[in-house]
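Both complexes shown next keep chain A, but they swap its partner, so chain B is in the first and chain C is in the second.
The block that comes next holds the complex of A and B.
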């Protein structure tokens, strides 16, 4: 993953639980493995004051860690099928939490980005959450021309799903929108269509 | 900020708040508005006491909504370099003084959902300005105010009148910080101002309770302590200066006509950081800016609060 770009491009670390009265994990698909791996180093008591929101977009695949996570018997467990469907649940949990709750995000870049946006909306400092990227690097992209957001972007350039312009996906990132910026790549020469490559997988 | 942008003001009122605290009101001589500021800002007050000019930071306590009248409260400190004694004894209504424009090193975080404020003693002053601001903007807050005695609980009645039940006063009582910090809703920001041991205790409790650093704000200005006089050589200005016993190194540089940077004059902001070129002796670090390693290495000094004891000090200024 390229992190040496511009300052606004988010960088991710690896999860390292710290002492707290309450822990909130939000993960998707391969991010589940990060939780399961942590569990090998933690006592089972850890999970008694812990909520896990796990989004399993491909049940019964190699990225499905739902059984292993459920087996941790954390105090609250929610299984969802998509980040969009889980948004309300995530915001609820964040808004109900008390200061001191530790927040951990693990999984695809879109999950990390959207969850961080919800964390910020709940009034938390974005630096107060731990993140670990696992799985897809597909991006949410905002077209700077029509402002529409296109999720699941894996190619460079990419077509805006709202206005149809061909966009260069930049590393320029907005925490407020949880989206990378897409700028028309062939404005001067509409016939000049650069080769499309899978850049964010 | 440096020495050149001071504002001329007139002292319009001096109010004895209690046996230790006096409040000073400043306005512009031409009656125009003073610069706008946000709650938590401080100003530097210039005190021409005898041959020396002393400059100390004080939090603005007046409402940011009223820029015709700046107010500060000063607790008398009989052990200090005499700044507070000068203010208490010499400053009278009608006097002309000079102050700096306000600077805010302790601002309210407007993104937060709730503000939890903890004040000890005279550390109440920035919160008086901040609560006035929040009353106007509608922010959610709680102010927990500890003081040793009723007499020392300056402004408790005024605050009760302005913010009502959002004031929690603890007179001669301990605040249960664990309880307080463990029941705050998500998105709360913590603000602490008061004596150093209280700040340290609250910061330790906040860390124990898992509060992230980005949600914790505190303000504590170190006082420039009096001490043995010493000599410093300023390598860029090519000047040798004497620092008197009641003078800070920064004030001595200013007296010698050297334009040295500063913002807080209380060892907190980092603005005055100066490279030490040579030092035979001991730097008496008094700031909260340099970390322990930097202090031990001795390559840097904060002239607003730190002193020197030894035979030779050369700094890059």
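The block that comes next holds the complex of A and C.
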């Protein structure tokens, strides 16, 4: 994938905790494993100045790391049901964070994208945030025509959930919107309906 | 904004629906033809934006031509339907004032019969005769204008405008007025840096074009503007080929035939200029669009020959990216009759 990427598409790395007076982790599903793995290399003191927001969209599945994360006994822990449900909570934590707080994001591409948007809205530079992609590559897609955002897009092309146009999902990405761009795929030949394939899983 | 009746100078014409846009023979000859040789590939084709010869689009810093009033009317229509085509992030207001000043100063110096700027400290008086505007306002006080400063002045100047904020060794597109665009969305791209908003362009990244272009842009100093030309093609003289409305106009790309190609297909030239702004240190990036029909081009023998060869040899990725695949061959076939195979002279001038 990296050879096909384009410059507006975010690049994710792997989490590497740095010296800081406070650490804020935002993760979902398989991203929880990234935190649990980090814990194997960190002293238990690390978690005493640490907040974890963990979104567990499929409880009791292979992607559910909530018990292991709770067992780290970090100073503040929040378990959310979905990214949308946790948005206010994430923004609240970001807005309360003290200077020098280190932010870590781990999990699905949508979690990384939405959290980065909230981080920017809270006044941070997106480059000061560490990211690690784990799990779903489903995309948030903005329809360039009606401007509606369709979450959880796994197919190419995809139907805009707002205006119903059939969209080509591009790699062109807006950090401000936390969305990939969707453009009507059959505008030139309306009867030409391309085959739908699973492209972002 | 009042719209004066169009005069003999400014054509009464449309860029949508019945498409009555037409170039006079003089306007064809003064177009900034973008090809200086018989093949085209991306390059960092920047040069200083110095005053050019009389009778060219480079004669004045900001070119006002016979399409001025009609283009401004089209812009007003676009904004009425979709006000989001003009956006400015909160930190860009100062750059908006810089833009207003630069444009008012240059227009009033270049075309004193049409535009008059009178200043008494911060109390400014702006007269735009072609658009029937007479506005007194306080420079720096947004409440004294009907729109923000960037929107106010760019509703009165041909071409799109992006304003690029410089920070962290990059340029960030943080404001713009975009209604005559070659299929890109300000609403999507606003806030992106130079590399990000050019991300979808094929081939040029690999060639290092954007790295060198960015370096050049950031070196631009106040009083020394730069320019480059870019191009694509458009079916019908539609200024507003926006991605927002592509689901409506896209079908026109399939309607070019051998019978209608001469008057339905247009070379779309972008004269891009770059201006360092004094207070904000931002860069103003006007993108001025010129449309030449295939028939217009056929009236200039050198251009017809050259465009035939450029289109024929265009790399397929560029043809696809520019969206020319539906009609490129039809255009090549049409232009063939004007190409005797003889040599063309260097440079872009019509000869």
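Note that in this section the second predicted complex is superposed on the first by the 197 of 201 C-alpha atoms of A that agree within 3 Å, B and C clash if a C-alpha of one lies under 4 Å from a C-alpha of the other, contacts with A are read in each partner's own complex, and residues count from 1 in each chain.
FYI, a contact is a pair of C-beta atoms (placed from the backbone, for glycine too) under 8 Å apart; a residue touches a chain by one contact, two chains touch by 3 or more.
Keep in mind that this is a model prediction, so the values were computed, not measured.
**Q** Just chain B (first), just chain C (second), both, or neither: which does A:145 touch?
**A** The second partner, chain C, only.
**Q** Is A:187 contacted by the first partner chain B, the second partner chain C, both or neither?
**A** second
**Q** Name the contact category of A:6: first (chain B only), second (chain C only), both, or neither.
**A** second
**Q** Identify the partner contact of A:124: answer first if only chain B is touched, second if only chain C is, both if each is, neither if none is.
**A** In the superposed model, A:124 contacts chain B only, not chain C.
**Q** Of the partners chain B and chain C, which touch A:196 in the superposed model: first, second, both, neither?
**A** neither
**Q** Could you say whether A:58 touches chain B, chain C, both of them, or neither, answering first, second, both or neither?
**A** Neither: A:58 stays clear of chain B and chain C.
**Q** Per the contact definition in the header, classify A:73: touching chain B only (first), chain C only (second), both, or neither.
**A** neither
**Q** Report for A:14: first if it touches chain B alone, second if chain C alone, otherwise both or neither.
**A** It touches nothing on chain B or chain C.
**Q** Following superposition on chain A, which residues of chain A contact chain B and also contact chain C?
**A** Chain A residues touching both partners: none found.
**Q** Would you mind writing out the residues of chain B in touch with chain A in their complex?
**A** Contacts found on chain B: 111-114, 181-188, 208-215.
**Q** Over in the complex, which chain A residues touch chain B? Could you list them?
**A** Contacts found on chain A: 18-21, 94-102, 120, 122-125, 127-128.
**Q** Per the contact definition, I'd like the list of chain A residues that touch chain C in the complex.
**A** Spelled out, the residues of chain A in touch with chain C are 6-9, 142, 144-145, 147, 165, 170-177, 181, 183-184, 187-190.
**Q** Can you check the complex and tell me which residues of chain C touch chain A?
**A** It comes out as residues 84, 185, 187-192, 195-200, 205, 210, 243-251, 253-254, 326.
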